[in-house]
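Notes to accompany the following structure.
Just so it is clear, A, B and C label the chains in written order, and each chain counts residues from 1 on its own.
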Amino acid sequence: MHITLNIWRQKDRNSQGGLVTYELSDVTPDMSLLEALDLLNLGLVRTGVDAIAFDNDCREGICGTCCLQINGRPHGPLKGVAACQIYMRSFEDNATIIIEPFRAKAFPIVKDLVIDRSAFDRIIQAGGFISVKTGGAPDGNTLPISKHTLETAFDAAACIGCGACVAACKNASAMLFVAAKVAHLGRLPQGQPERKQRALGMVAQMDSEGFGACSNTYACQYECPKQISVDNIAFLNSEILRAKIF
Amino acid sequence: MELDSRIPEGPLEKKWDSSRFNMKLVNPANRLKYHIIVVGTGLAGSAAAASLAELGYNVTSLCYHESPRRAHSIAAQGGINAPKNYANDGDSIYRLFYDTIKGGDYRSREANVYRLAQVSGSIIDQCVAQGVPFAREYGGLLETRSFGGTQVSRTFFARGQTGQQLLLGAYQSLSRQIGLGAVKFLGRREMLDLVVIDGQARGIVVRNLINGNLESIAGDAVILATGGYSNVFFLSTNARQCNASAIWRAYKRGAFFANPCFTQIHPTCIPVSSEHQSKLTLMSESLRNDGRIWVPKAVGDKRDPNQIPENERDYYLERLYPSFGNLVPRDVASRRAKEMCDKGYGVGATSMAVYLDFRDNIKRHGKPWVAEKYANLFEMYQEITGENAYEAPMRIYPAAHYTMGGLWIDYNMMSTIPGLFVLGEANFSDHGANRLGASALMQGLADGYFIIPYTLSDYLASNKIKAVANSHSAFKDSEQSIASMIKKLLSISGNRAVEEFHKELGDIMCQHCGMARNAEGLKKALELIPALRERFWSSVRIPGSSEDFNQELEKAQQVADFLELGQLIVEDALQREESCGSHFREEFETEDGEAKRDDDRFSHVAAWEFQGHGKSPMLHKEHLSFEYAKPSQRSYK
Amino acid sequence: MAKTISLYGSSIGQKIVSAFTGLFLCGFLVIHVSGNLLLFKNDGGVSFDHYAGALSSSVLIRSIEILLFAGFAIHIFWGIRGWIFNRRARPKNYAEYNPSESSSLFSRIMLLSGSIVLFFLVVHLKNFWVPIRFGAQDLSDYDLVRIAFQSPLYDFFYVFCLVLLAFHLRQGFQAAFQSVGLRSLWLKAINMVAIIFWLLIPAAFAAMPLYFLLAKGGR
């Protein structure tokens, strides 16, 4: 296969960036897109050109490190997978692929396709946990949890923190990310004591990080590699409403 | 130097209790005065950093990821063991202890393993309290399953994402401490040196990966929880950034490296499909419960597998091991697959794969029956290979996956450098020569939540630790030596990329020090690796500068370390003239072709001491004695 | 956990305000359309005139009117404020952005559809509400409507704006329930009732000018 890659290159956070075109032959359909980028980098490095920086790690769709906007969509053309799980057979021969970093004010660019998502960590630090110290936890079986409750909470807990929701949203809103954690913990019995503070703390941090507000386009749900439902956003909304009014 | 494992006196089941009582405590009011550096934020690192901060220590946690949530613990699928005996099937602490010792082929410490089994129940409780969604029965109680061939159901799991959920639990506890200001977290920092002052570990030097600055961090103790080194094989199931630099550089500062040759190969991975393959993906071992493994009887038979009639198929595991069949342990299944491929029976485009076939079970029970059990794995297979495994057999091949070896530690998790503690996969202690399924998560969390908080306080309270600032000359010296190494790397300006050397090293390691090893091959590797290292240092090319975000430079340092570590692994494999667990020496096999241990000569931990560049490392032996679990030869016939 | 938010200052509070005011305005639409259906009654406008007269003289209706204006004002103000807030969240746009795969057009153009509806509202108030409310004309209320609707150009504008209103409600009605956390609970019912709002009500409003243009064109 032959492909043309238009890749965002930017030296550092404050530089002006731009798309650069690269031609790549010797691509096989069995290669992953990231392996195609590796191959491209191999050629660049051998000739002394700065390699294209892109974040990736587990390459099996669970660590949430990769964060590429591929042809205008976070994680590319397939539903329910991360960018590292895109294989070249998803593209036509001679295709042009545009790769950009996820864009949001709250995700400043580090270099090329690498961004800084520490805003997500600060949101978790503002309440995305259950305050239990090590030791002293009661036996795991003292608290029965219905299968339904557990499964619903798990669907939210599957979030990998990649930021595709932010990247997909026209408002760069982090609502799905925040809602997933609020719903994961807020639906479980263990999470009840801190329910209110958790939602309020996380939303306050989310707002101060510069993410936009949700306008219910549900693009996040569509692009989420773990297919996390916007029902969790409704859950978060009602948590806030409940915490502030009722 | 004599290795002192500091195993407490007394009967096995009382050792941990009595040592906890005997350990000195740090007065709560004084804890904040101690600065603890925790490197790595996987299960062990996050758990340790959070737990120590909860106790009141002043903790700095750091990792090379942007966020503490991305460590590779997150990719563990299967589950976590704990002998809770919820299934009422006769499990006990002693049985988990015994299984782990036996599974490790009698190359681990009894006292450590017993302690691990003891505290593992508390891990489940702790994680449930954090909100980890372990699978539950309809009645609301926790569900367990049997895993990896054990006869009891002691494995707790959270769908196929147990590692993710456990890591997020630990990450959330760590995040809480960061939010409270009790932990200072530094992301995108790679540890490049350990600083030892007056014989004590007193800090580290890291590179800020964003701006390239070298930063010295002084502390009163250093905890390494930096994972394993499977990536020395280049292709492994580890994440791409997993590396051995932190432990390797600690080794070069005097920490002993134990049993480096104990590396585990997982049998059911998706095989290599292209020459640009960057990593391998593991599929759960549970597939072997219902899939049959075979190769064509004829060498080089390239027919479509569905066209190969029954009598031309060799179900070699069923043939060789009539009673265990496809369920033989990981190391046996892996080794036999390699043997078949080496003999030319391999299948697929690369001929480096064997078939894992569900045809018979689909015929017998129907597709829905198979789908209900394995749908997610079939989907994963299809996603990666583009093939439908309901219609044609899967192709599988073993891949490097876990390293039992690591820095030597005593019973208190301390390395041979006082004040340097090593947790999780980075240490060597609990799995001997082979790790059981669902035990890695258990060990990481046990070390971090329930062991280090006690043993660290004992160290701090019983040793005099002078105040040291990061302006100390030892830090400056270290920074200088790192800077000059980086400068040297950048100045080579050759014509080959780092990745090419890494690949080549991986080939050497897989070929000569992989699933089956022999003296001849190992000696060959000892010629090839130094030559490769030399070529690396003369012809690698690293574009860019040291003053900004430069992933090639990061990789170069990791590979430079792998090129040294690889040699140590081979040396260790060469001196261990026996077969045990994952370490299979072809010269030492029984008549049936099974691993033949030599307990008289090798019932010890091989701990290597760095002697300087260009010098052979010195081997120290820690004798292993088995008072409770008496060694026996494995047999799966 | 020191951090908290004020409901109205937060991004979620903003949605909740938009949701409640939006639903309130939906309620107004129901009343408005049901009254106006009298236009179709074939009695030469007697019933409609009676109804319109009652509206402009009732004290109760007049006080509700104030609420209604407040509802519009808040809904519009919050909508624009939210839009500006959201624009700031992505200062640099994508070179290639492909949102049509993941979200509906209706959901992405709420500000545009809302603005057109607002413009329509102003024209509509000037043409009908002001004359009827302040009664400064010789024509009956019914005739006022009838004559206005006999202009094809005006009718085209009118129907066009109602299509945009339909777009606005297509997204807005169910989104309001999402914003207050009820959508997933009552999903089926909401989707059914939503049809009334985004299809039936705009269609009924649009039928009025067409009725006068086509059926009553000659009178």
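Rule of thumb we're sticking to: contacts are C-beta pairs under 8 Å (C-beta built on N, C-alpha and C of every residue); 3 or more make two chains touch, one makes a residue touch a chain.
Computed from a prediction, not measured in an experiment: that's the story for all the values here.
*Asks:* Quick one: most central chain, C-alpha centroids?
*Replies:* If one averages C-alpha positions chain by chain, the most central is A.
*Asks:* When A-B is set beside A-C, which has more C-beta pairs in contact?
*Replies:* More contacting C-beta pairs are found at A-B.
*Asks:* I'd like the Å distance between the centres of chain B and chain C, where a centre is the mean of that chain's Cα atoms.
*Replies:* Measuring from centre to centre gives 62 Å for this pair.
*Asks:* Suppose each chain is reduced to the average of its Cα coordinates; what separation in Å results between chain A and chain B?
*Replies:* Averaging C-alpha atoms per chain gives centres 27 Å apart.
*Asks:* Between chain A and chain C, tell me the centre distance in angstrom, where each centre is the average of that chain's C-alpha atoms.
*Replies:* Chain centres of chain A and chain C, defined by C-alpha means, are spaced 36 Å apart.
*Asks:* Chain B: which residues touch two or more other chains?
*Replies:* 179
*Asks:* Indicate the residues of chain C shared as contacts by at least two other chains.
*Replies:* 1
*Asks:* Which positions in chain A touch two or more other chains at once?
*Replies:* Those would be 126-127.
*Asks:* Over in the complex, which chain A residues touch chain B? Could you list them?
*Replies:* 11-12, 28-32, 34-36, 38-39, 41-42, 44-46, 48-51, 53, 55-60, 62-65, 81, 85, 87, 89, 110-111, 114, 116-118, 120-121, 124-135, 137-141, 143-147, 150, 153-154, 157-158, 160-161, 184-185, 188, 190-191
*Asks:* Provide the residue numbers of chain B that touch chain A in the complex, in ascending order.
*Replies:* 47, 50-51, 54, 65-72, 74-75, 84, 86, 122, 124-131, 133-142, 158-159, 161, 164-165, 168, 171-173, 175-176, 178-179, 185, 187, 210, 239-241, 273-274, 276-279, 281, 383-386, 449-450, 453, 493, 495-500, 541-544, 548-549, 551-552
*Asks:* For chain C, which residues are in contact with chain A within the complex?
*Replies:* By the definition above, chain C touches chain A via 1, 3-5, 7, 10-16, 82, 85-99, 101-104, 107-108, 110, 171, 174-175, 177-185.
*Asks:* Within their complex, state which residues of chain A touch chain C.
*Replies:* Within the complex, chain A contacts chain C at residues 6, 8, 19, 69, 71-73, 98, 100, 103-106, 126-127, 168, 170-173, 175, 194, 197-198, 200-201, 203-207, 210-219, 222-223, 229-231, 233-241, 244-245.
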